[in-house]
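The two complexes that follow have chain A in common; it is paired with chain B in the first and with chain C in the second.
Then we have the complex of A and B:
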C-alpha cells in the first residue's frame, strides 16, 4: 500500500515539474528552423519531400547512428538466440496441418503488390511521403508473408547479418563522397547549382541502401524470434 | 468537421489503450494493439505527418502484432520432433498412426496444440536443452521399441508415462537438464 501511495505521489510531482517546465514555452518558441528549411530546403538538397532532405542531407549524421542502432539490435538478437543445432528453418510458424488455404491463397495474391508498394515508397522517398525506413519496413512485411506461403523457405541469419554490415559501411562510404567533392562530410556530393534530377541520384542511392538494410534487419530479427521460440 | 473527427479518434485511442491494459484474452489484445497503430496513423495523417504515419502502419500494425502472435502461440504448443518416421505417425492428408493417437489424446487433455516437425538435426540432449522441443520420438534399432525423450523437469511427462504404461513397445526416457546460469 505504501508503495502504491508513494508511486502516485511521485507521479504527481513529476507531472507538476512537467507543467511547470512548459509554462513559458512561448518565450523561446521560434519558427527560424521551419522557415529556413521551407525557403532553402529544395534548392540546397534537391528533395521535394523536406523530411527526406533533412535526414539525408542536413542530419545525415543522425541517420547514420539510427542505422547503426538497428544493426546493433540485430546483432544482439542473433547473439542471444544462437545455438549449435543445424536446422533447415522455421517450418513451424503455423501448424502445417491447420493453416487455412484461404489465408495462404490471399497471401499469394497480396505479396507482389506489397513488394511493389514497398519498393515504390523507397525509390520515391524524395518526392512523396516515405523513404528508406518506411519502405524497408513494408518490404520486410512482404518478405515475412513468404513464411506463410512457403513454409520450407530457408533463411540464414548469418548471411543476412554480413550483408547488413557491408551495407552499413557502404552507406557511410556514400555519405563521405562529399568530402572529396565539397570538403565536408555527410552532405550531397553534387554542386549546389546542379539540377534537381542530378541531386536526386544521391538521394535515391542512399534511400535504396537504407531501405534494403532496414528490410534485412527486420527479417533477421523476425527469423531469430521464430527460431528462439522453438 | 476535421476537428470533430480528430477529437473522436483521440478518444478512441484512449479507450483502446485502456482496453489493452484491462483485457484478459491475449489474441484480442494483439488485435487491439494493431487497431491502436491504425488510429494513431490516421491521427498522424490529420496532423500532416504522412512519413511518420507510413512507418507507424508498417511497424505498429503489421510487424509487432506478427511477433506477438508467434510468441503467444508458442506458449500453448507441444512441440514434438519425429526422428523415427516409420509409421508411428503417418503423414497423410491428415495425421494418423498409433503414436499420433496417443499424442492427440494427451494434448487434448491439457488443451495444448500439437506441433510435429521432422527436420532438425542435433543430439537429443542439446536439442532439449537449447531448443524448446518438448518430446523427441526415436526408435531403438535392436528391440524395435519407440523411445520418447523429454525433459525430466516437465510435469506433463509423468502423465505421459502413465498413459503409455500398458503399451510394451513404447517407453519414456527423461533427460536431465543442465543447470544454466541465465
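Then we have the complex of A and C:
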C-alpha cells in the first residue's frame, strides 16, 4: 500500500516537472525542420505527401531499419512459437460452428474492397495520405479476413518469411541504386531537377516493395500466433 | 576512389546484414561458413577505412542522400567510434569461432547473430538521434531472441523481462528526442551539440537530458536498473552471455558517452558527481551480489554489473584521465569478461553443472582453458602486467585525495579479488575423468582473447596514444604495485576463507534476492526522480 501511494506521489512529481518543462516550449522552439520540409519537400523529393518524402528520401536509412525491425521481430516470433506438431491450417482456432454465417458473408463482401483500398493506399502513398507501412497493414488485415472465409486455408510461414527476406534485400538494393547515379547512398536515384512524374517511379517502387513486405510480415506474425493460441 | 572509401561505414553495417539474410535464405550445408567470409570482408573494409582515416585524421561525417547535415541522417567517425567498431568486429569474430561448431547447422541462429552485428556497428557509427533509437530497439529485439533461444520456460521469462524493461527505457529515450526536435528542429548530434551550447540552460533541455540519460541507464545496467542482466545470463548460452556482457552492455555505455561527452557537453550540467556516485553504488552492489553467488555464470554476471559501475566512475569525469581510463576499461572488460564467459562455458559444458563448488580440477583436466581463465581473473582483479591494471589505475585518479572515495574503491577491489578467489576454486583439485570434445576453434578463440588481454596490459602506452592521443606515465614494473596486489590477495583470501565460505545468513539472503518486474519499474521511477532532482535543484 505504501508502495502504491509513494509510486503515485513520485509519478505526480515527475508529471509536475514534465508540465513545468513543457511550459518552456511556448517561447522556446524551432520550426527549422518543418519550414524546410514545407519549402523544399515537394521540389526535392517529388512527393506531395511530405511524410512519404521524408521516409523514402530524406530518412530512407531509418525506414530500411524499421523494415529490418519488422523482419527481426517476425523471425523472432516465428522462431519462438515454432512447435514440433505440424499443423497447416487454423482449424483448431476457428471452426464453422462458432463463426456466424452472417459474419462470413459480410467478410466475403468486404474482402475485395479492403484489399483494393490497401493497394490504393500503398500505390498512391506519395500523393495522398498513406504509404507502404500503412497500406501494408491494411492489406494484411484484408488477407487475415480470409481465415474467416476459408477455414481450410493453409499458410506456409516459411515461404512467407523467405519472400519477405528477399524483398528486404531488394529494398536495400533499390535504395542503393542512387550510389551509381549520384554517388551517394539512400536517396532518389533520379536527378534532383527531374520532374515529379519521373521521381514518382522510384517512390512507387519502394512503397510497393515496403507494402508487400509489411503485409507479409504481419500475416506471418498473425499465423504464428494462431498456431500458438491452440 | 576517395569517394568510395568515404562510404565504407555503410558497408560495415550492410555486410553482416546482407550475409545474415543470405545464410537464412540458402539452407545448404556450406552457407553457414559464409559467416566467416562476412567477418573477413568486414575486417578488410574496416582496415581500408582506418588507413583512409589515418590519411585524413579528424572527425569524419558521412551524410546519406546528399542532403544537408541538419536534414539527412549521417554517420560520424572519430577515434572513439573507430575503436568501438573494431572492438565489436573482434568480439563478434571470436564468439563466432567459439560457437561455430555447435551451431553449424543452425541457419536461423546465424541470421540473428550476424544481423545483430550489423545493427551494433550501425549504433556505434550513427550521428542521428532517431537513427540511434531505431538501432537501440533493434538490438533489444535481437538480443531478446538470442536470450530465449533455448525455448524453455525460464528463458522466455528472462527474455520477456529484458524486452519489456529495455523497451521502457528506450521509450523514455524517444520522448527526450521528441523534446529536442521540438526545441531545435534537428536531431543531428553534432549540430545539436552546438545549439545546446548556446542556449542549454532551459528547462526543456534539462528534462530531455534527464529522461534520455535515465532511459539509456536501463540498457547500461546501472544500479538499480541492472536486474535484467543476471536473469538473462542465467538462461543464455555461454557464447551469448559473452556477447551480452562483453558487447551489448558496452553499446549502451557508448551511447551514454555520446550523450555526456558530445550531445550535452556544452550545456554545462556538471553531472560528474552524480554519475560518479551512481557508478560507486553500482559497483558495490554488484560486487556484494557476486560474492554471495554460487552459480558460476551468476558470479560473472554480477561482476559485469560491478565493473560497469567502475567504468561509470571513470566515464563520469569527462575530459580527465579517469575518463580515458573508463573507456580503456570498457575495452579491457569486453576482452576479459568474454574470455571468462567462454572459458566457463567450456567447463560448464563438460562438467554438466554450473555450481562453483562442484567443479574441481580444471587446471589438470583442461590446462589451456584453465591458464586462460587465470589470465582473465588476474586481469579483472587488476593485477600488474595485465590489462585491467592499467585502466583501473587510471580510474583511481578520480578518487585521489578523498578519503571516503578511496576507501570505497578499496572495498570494490577487495570484493572483486575475493569473489575471484572463490571462482578460482574450480581450478584446483584432482583430475576429473570426463569425455572431452575436440574443438580447436573454441580453443583458438579463447587463446586469442587471453593474448589480447596480455597484449594490452604490456603495450598500453602504444594503444592509449593511438586511440586517445594521450600518454600514460604509469611505471609497470614498480615494486609497490606488486606489493599492493599481494596485499589484496592476502586480505581477499582471509575474507573468503573465514567469512564468505561459511555462507552466513546475509549471504544466503542476498543470493536468493529477486526483483519482480513491478519492483524493477518502481526502481526506474525512483531513479528517474533522483536524477531529476539532482539536475533541477
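Everything that follows uses one rule, which is that the second predicted complex is superposed on the first by the 224 of 230 C-alpha atoms of A that agree within 3 Å, B and C clash if a C-alpha of one lies under 4 Å from a C-alpha of the other, contacts with A are read in each partner's own complex, and residues count from 1 in each chain.
Note that a residue touches a chain if its C-beta (ideal position, glycine included) is under 8 Å from a C-beta of that chain, and two chains touch if they have at least 3 such contacts.
Just so it is clear, the model here is predicted, and its values are computed rather than measured.
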| item | value |
| --- | --- |
| More chain A residues in contact [chain B versus chain C] | C |
| Contacts of A:104 with chain B and chain C, given as first, second, both or neither | neither |
| Touching partner for A:129 - first (chain B), second (chain C), both, neither | first |
| Touching partner for A:115 - first (chain B), second (chain C), both, neither | neither |
| Contacts of A:141 with chain B and chain C, given as first, second, both or neither | first |
| Touching partner for A:226 - first (chain B), second (chain C), both, neither | first |
| First (chain B), second (chain C), both or neither touched by A:194 | neither |
| Contacts of A:17 with chain B and chain C, given as first, second, both or neither | second |
| Set intersection of chain A contacts, chain C complex versus chain B complex | none |
| Parts of chain B lying in touch with chain A, wherever the complex brings them together | 50-51, 53-55, 58-59, 62-63, 66-67, 70-71, 74, 79, 94-95, 113-115, 117, 119-122, 126-127, 130-133 |
| Complex contacts: residues of chain C adjacent to chain A | 3, 7, 10, 14, 17-18, 21, 24-25, 64-67, 70-73, 108, 111-112, 115, 119, 122, 128, 130-131, 134-135, 137-138, 141-142, 144-145, 148-149, 151, 156, 179, 181-186, 199, 202-204, 206-207, 522, 525-526, 528-529, 532, 536 |
| Chain C contact footprint on chain A (complex, rising order) | 3, 7, 10-11, 13-14, 17-18, 20-25, 28-34, 36, 57-62, 65-66, 68-69, 72-73, 75-76, 79-80, 162, 165-166, 168-169, 172, 178-179, 182-187 |
| Residues on chain A engaged by chain B in the complex (per definition of touch) | 49, 51, 83-88, 91-93, 95, 97, 121, 129-131, 133-134, 137-138, 140-141, 144, 218, 222, 225-226, 229-230 |
